[in-house]
Amino acid sequence: MRILFVNGPNLKLLGRRETGIYGRTSLAEIKKRVLQRARTLRVLVDFRQSNHEGDLVDLIGAAPGRYSAIVINPAAYTHTSVALRDAIAAVGLPTVEIHLSNIHARENFRRRSLTAPVCAGQICGFGPLSYLLGLEAAVSLAKSTGKRP
Amino acid sequence: MRILFVNGPNLKLLGRRETGIYGRTSLAEIKKRVLQRARTLRVLVDFRQSNHEGDLVDLIGAAPGRYSAIVINPAAYTHTSVALRDAIAAVGLPTVEIHLSNIHARENFRRRSLTAPVCAGQICGFGPLSYLLGLEAAVSLAKSTGKRP
Amino acid sequence: MRILFVNGPNLKLLGRRETGIYGRTSLAEIKKRVLQRARTLRVLVDFRQSNHEGDLVDLIGAAPGRYSAIVINPAAYTHTSVALRDAIAAVGLPTVEIHLSNIHARENFRRRSLTAPVCAGQICGFGPLSYLLGLEAAVSLAKSTGKRP
Amino acid sequence: MRILFVNGPNLKLLGRRETGIYGRTSLAEIKKRVLQRARTLRVLVDFRQSNHEGDLVDLIGAAPGRYSAIVINPAAYTHTSVALRDAIAAVGLPTVEIHLSNIHARENFRRRSLTAPVCAGQICGFGPLSYLLGLEAAVSLAKSTGKRP
Amino acid sequence: MRILFVNGPNLKLLGRRETGIYGRTSLAEIKKRVLQRARTLRVLVDFRQSNHEGDLVDLIGAAPGRYSAIVINPAAYTHTSVALRDAIAAVGLPTVEIHLSNIHARENFRRRSLTAPVCAGQICGFGPLSYLLGLEAAVSLAKSTGKRP
Amino acid sequence: MRILFVNGPNLKLLGRRETGIYGRTSLAEIKKRVLQRARTLRVLVDFRQSNHEGDLVDLIGAAPGRYSAIVINPAAYTHTSVALRDAIAAVGLPTVEIHLSNIHARENFRRRSLTAPVCAGQICGFGPLSYLLGLEAAVSLAKSTGKRP
Amino acid sequence: MRILFVNGPNLKLLGRRETGIYGRTSLAEIKKRVLQRARTLRVLVDFRQSNHEGDLVDLIGAAPGRYSAIVINPAAYTHTSVALRDAIAAVGLPTVEIHLSNIHARENFRRRSLTAPVCAGQICGFGPLSYLLGLEAAVSLAKSTGKRP
Amino acid sequence: MRILFVNGPNLKLLGRRETGIYGRTSLAEIKKRVLQRARTLRVLVDFRQSNHEGDLVDLIGAAPGRYSAIVINPAAYTHTSVALRDAIAAVGLPTVEIHLSNIHARENFRRRSLTAPVCAGQICGFGPLSYLLGLEAAVSLAKSTGKRP
Amino acid sequence: MRILFVNGPNLKLLGRRETGIYGRTSLAEIKKRVLQRARTLRVLVDFRQSNHEGDLVDLIGAAPGRYSAIVINPAAYTHTSVALRDAIAAVGLPTVEIHLSNIHARENFRRRSLTAPVCAGQICGFGPLSYLLGLEAAVSLAKSTGKRP
Amino acid sequence: MRILFVNGPNLKLLGRRETGIYGRTSLAEIKKRVLQRARTLRVLVDFRQSNHEGDLVDLIGAAPGRYSAIVINPAAYTHTSVALRDAIAAVGLPTVEIHLSNIHARENFRRRSLTAPVCAGQICGFGPLSYLLGLEAAVSLAKSTGKRP
Amino acid sequence: MRILFVNGPNLKLLGRRETGIYGRTSLAEIKKRVLQRARTLRVLVDFRQSNHEGDLVDLIGAAPGRYSAIVINPAAYTHTSVALRDAIAAVGLPTVEIHLSNIHARENFRRRSLTAPVCAGQICGFGPLSYLLGLEAAVSLAKSTGKRP
Amino acid sequence: MRILFVNGPNLKLLGRRETGIYGRTSLAEIKKRVLQRARTLRVLVDFRQSNHEGDLVDLIGAAPGRYSAIVINPAAYTHTSVALRDAIAAVGLPTVEIHLSNIHARENFRRRSLTAPVCAGQICGFGPLSYLLGLEAAVSLAKSTGKRP
């Protein structure tokens, strides 16, 4: 079983900037923890990041056949990208939306997620732990071979 | 370490009604799985349900000193109860909001959570698995002794 | 056949207060008329009132198996209770929403009913007669054993 | 005592089209049931239908002196016709608004009724039974010779 | 010079109904006063009323070549008729919108006029005097042969 | 195969008025071009216009059995007529909504079409060509005997 | 009989600026025409202008006992001044709101008048003629000694 | 003279939690100060608190005949409870709404009070002093035996 | 200790106009009662009124160094003046907002106070008593030398 | 004459995914039909697709001088891309917006098109036929060498 | 060349109050810097401040003929004064709106500027430097003798 | 000192298209003027343009360490890009937002800037001069080594 992790814009700045909101852990460190946990769960993980909306749409569009499930942190595109939403809905793979920060406790425009309604579920607010919980959820969804558990 | 699970209105009907949305697992069955996982994590869990907003506020108000963290499925009160929000904010314990269904994929009024902004984070859409992920998050939050990881 | 009548908050003050809006008939008097009409229709009626949202949710949650249909005057909770809405939707019994006053001719916030969309229909504006029409509708719905006639 | 039944646009298509929403009973069949019930109640009924907003306004404007009460299913004009609202308000006869379907459970724009605030009350969601309940309410209102019971 | 007076729905009930809002003068009486004043101003007046939106659109569509200006009391259609608005804009005759009551002091939905933006101006709140002021304005507009004075 | 063309209010003024928005072609000229193209496509066309909402509802209500598809330019009623919407939905014939002007580039209230959601599709902005494209679409829809191609 | 004319901010620039919207007539010229018409009607007129909201409130507050009616062109304060509204409501003199331009055909924020609901009526769009019609209306209102004709 | 003090949800946590917003004084200490001041004013006071909306509605519904006036701090229910509003309106006793914090300076949803429109007035922002000012106002209202001073 | 009382537009008309809303006591009479109570509390009071927003801003801007606290009834400017809000925020003196009427029970636009969020608190609905309660609150705030008690 | 076809994000998944909404025809198959029809009309067509907003903006920005008209299916970017809108407006070529599905019959956020107001017109809801109608419209627009026919 | 600087309410408190938002420089100091820079640019500057909306309107109304351009910091009136907007639009001088703070980063109601749409442009967020940049822009606009560069 | 200039989508079309809004100066010409002024100020400037949101995010993300400040004209992305906003906030360099046109005087959706709240300030409406003023502001901000002057 292979899981695709998709990371949206600005996440490569993680750990260096706005640490009050996003914490001090870098994306590389998070990736390391995800791969470690993946080994425990005996699944493979591909871990990608891009600042380009089109790249993220490309990645998801090419996922069917290669991956059993997707874990996505769409970052800023959560709130603006109908294209990402359409991509997730189109490929129909079980998808878990994750966020480092609690998007419900921030600016008003961050409370609306365009992508969440086409994902299986959403996990937010737990920092790097959101990634590990997202992995666990994705593996469980992939095993039950359906979008809803 | 002791974790309080708080379940809101109508959750005792779980497994018998609207199984298309909420699945076929009863609350008793979910409780069993949560206690099982709690044993693995070597924590204690109290598991409560009430249809009364006031009971839920009482439970949370009495939690400090007894519990290290709270996992709450406020159900319908998610969207209408400022009292629950104020209770969670007042006691200041690390709190995880969970939902069985993906509230972002349902009626419009279910997308607004009054309680989420004062919780550490939110997990929704994974059925009974939401409870287990919530437990894992709560234990992690309690260990780092702070509301944000 | 047994029909459950559920009355929401403040209805026990009926007949003594704000008679300009709600009329001079007490809830006891309305109950008497409902029971009288029930005898004519050869059905049994249980007639309950509570100021507690949780009590009303309890009542409805316990209705399946005991009652063939529900007639509910949710009063103030019409406009604020997602919990009542979820309870009605969960038990799936044919339910008729009634109001003494014409809620469409009052304050703006009374025009939105959270419960009406999950009921079979709504009757409002006819004073105590709303209860008798509600009984007739509920009996008819129960006979056709479906939520929609 | 004579009661005017006013039926708005598209109602003559009843029973043949969109039977999932409006049921399989034709307007002619409904009329038959209304007349039958009217005989039981010893009142006379005139039963009209038009697709023209102006015709409906004409009918209502000419009602005073001829009818003791009005039962109206304004259909689509419920949501768009200030002219119908003004006509009902102007003639001041006790008026009952009825709908076959539960307008609160349909598209958002169907939840606003321009006519309901100037009627005595509203009955919706019970199919042809809405007409019979409406007749009963109208007769009761006409007897108490006032708009509010 | 010939001026067309167009009266919208329910205005033939004037003087008999809702006299608190619209006064006790009948439309016939108002017509008499308008014709009298027209003679003083040495202009001809045609005075029409219909409850049918389509009739009013027909009347206005046929006005060019016959009339120098239009005075219109669109009544309820003020707030709902894009068709009337389009008719007035299409024929391009100087048009004065009048109302008996002060529409700014009534229900919220009466404050929006769909027709006013395509008229030269609006006069409201002066009862039958609104008609005489409207005539005076229309004659003045027609003389200056332009829509704006 | 027979196609019904329905034209809404003010369209008989076409070519003489507001030529900046609607162009200089009269409705008669457009009809001529439509009939010409219909002959090429070997279908029959009935071409109607009315300023009366009720007439348009009548026309559509009587269409089943006589026509295979409808092309409608609802003009002003696009934005205000729930009755037209209900008529189109009720008869269930494949229906194409057309507009001469680009309604998305005009006043805000013209961007909302009440009828489009119950039509197969919408064509707007191409002047008389909108009619010819609408004919082509309607014929294609009728041939595939389904509302969606 | 004495009538107070109150002119709001920027009106002393009239005739020199934005002549496309407000015309080429100066306020002095308008005053001359108003006084002339006043002589014909055998009433006295005081004609004031100020750019200061407070001055306008002072003027109106001091009007009872000195004037029989007020004609006011509140200009920009129409849309922003609750103080003017309260002053007009407080003194209770018959008041006519006038505007040179058709405020319904301009920017959206000019369509809301805070003062119109407490005036007897509103006249707008007729240039300097608005002042003469306003005078005529005020005299008529003053004669019938009531705010509504 | 006897005054009823009603305290809403979470107020028993006062003084221990969120002292930045609500101050360090406990509800017991506030009660002491209120009783002290009541003795000075020679009135009796009953001081209640509940987290249950239904309890608060019960308390108010039972107040007529026992109390001359009510002082209520509805806390979170201020913003969500139509039931409390209806209870206050129903019993018709002079009622003063109080708040410790300045609700106008907090989250947006706290600025809307559902209960204030049916109270005589509102006092907010003065910490425990709000209770003493509320007592003074209630006594004054009760003496003038009317809801408005 | 010296307290500044600031009264906004139209308040000098008090007692003579709209006595149904504002009562029959004049501003002079209120001033007398305030000075009387001030003597009891052993503080000095300056009592000002102006219809000019700029005057009120001047008064507040000059207050630091002269006064220990401000009591302000901004009247109509409550709802429209960002300038007053900025003045109050700028000088940083403890400020109490008062209103004679219950602004929450009147027109919708009166429920929004631009000034309340920068005041310590608000007192409304108690007629002249609002002034005395405001004085008491201001003295208490000034003594604790901080904006929040 | 050369026409540019621009296809937005996710369209290369066409025919394999969400066939209920978008049909079973692939983009390659649609391209084939468009080229075929282009040959009949004796025009050249370039047919492009990209998931990248920037690519689409590049394509349009480079179009002047190379193409006579544009047919664009902006897909998800229809609703979110001001950049595409600005590009279309900037190059000033006659542009036709097309959609496979009827965007007016889907989610609310799909009803707003940011690009339509700067296109000549819009065609939606006819599946692959939308492309052929779009081609026909574009050729006609290019021939009349103006944006509006 | 002579430039008019207009400063709105509360700006004379600058440097003493809310230094966190507005900085520690007084208006006198800013004036000094502006005059200094003006000498370098060889232009004359008049520098005015008033708390009175009417004064600001007077100043602008009297500017034509005396000044070549205006630099205005409308402060609080930015968000509430249609009168200032009308004055700027009426005199037609090139006008630059400036703000010390970044109004886009403050309360929501400060993001709407009523005056900006009739100015040539807006500069905000740079503290006293905003004044110098405004001067530079105004001189440049005045030289090109047009409102837009 | 080195300043980064970032130019958003469509700006390379400048000077050739929509010259009524954006003027006749090309981006190359603007760059020349900026470099010229930079030499005078003795700072270095890098001048970039891209139509790709992701490229702009990349540029900003890589800026820390290389540049002392950023001047950005986000063009269309001003109104839609949360990703750009997050990038600017993340890198924390002093940033100046500039626009050629006065965005407050154009379509409604252009008045909301997602990026302005995280910039130091905004300059708009002065054509190419906006770039020079932006440079001056950026240099000043960089010198004071803080985001706010």
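All chains are identified by letter, namely A, B, C, D, E, F, G, H, I, J, K and L, in their written order; residue positions are counted from 1 within each chain.
Assume contacts are C-beta pairs under 8 Å (C-beta built on N, C-alpha and C of every residue); 3 or more make two chains touch, one makes a residue touch a chain.
Note that the coordinates shown come from a computational prediction; the quantities given were computed from them, not determined experimentally.
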Neighbouring chains common to chain E and chain J, by label: F
Listed chain pair K-L, A-J or H-I that repeats interface A-L [over half of contact pairs the same by residue number]: A-J
Averaged-CA centre spacing for the pair chain I and chain G, given as whole angstrom: 31
Chain F and chain J: spacing of chain centres that average the CA atoms, whole Å: 23
For chain G, residues that touch 2 or more chains besides their own: 52-55, 80
Touching pairs - complete list by chain label: A-B, A-J, A-L, B-C, B-H, C-D, C-H, D-E, D-F, E-F, E-G, F-J, G-I, G-K, H-I, I-K, J-L, K-L
Chain A-facing residues of chain L, complex: 52-55, 57-58, 61, 80-83, 85-87, 89-92, 114
Chain D contact footprint on chain E (complex, rising order): 8-10, 12-13, 17-18, 50-55, 75-77, 79-80, 109-110
Contact set on chain B toward chain A in their complex: 23, 102, 104-105, 111-113, 116-130, 133, 136-137, 140-141, 148-149
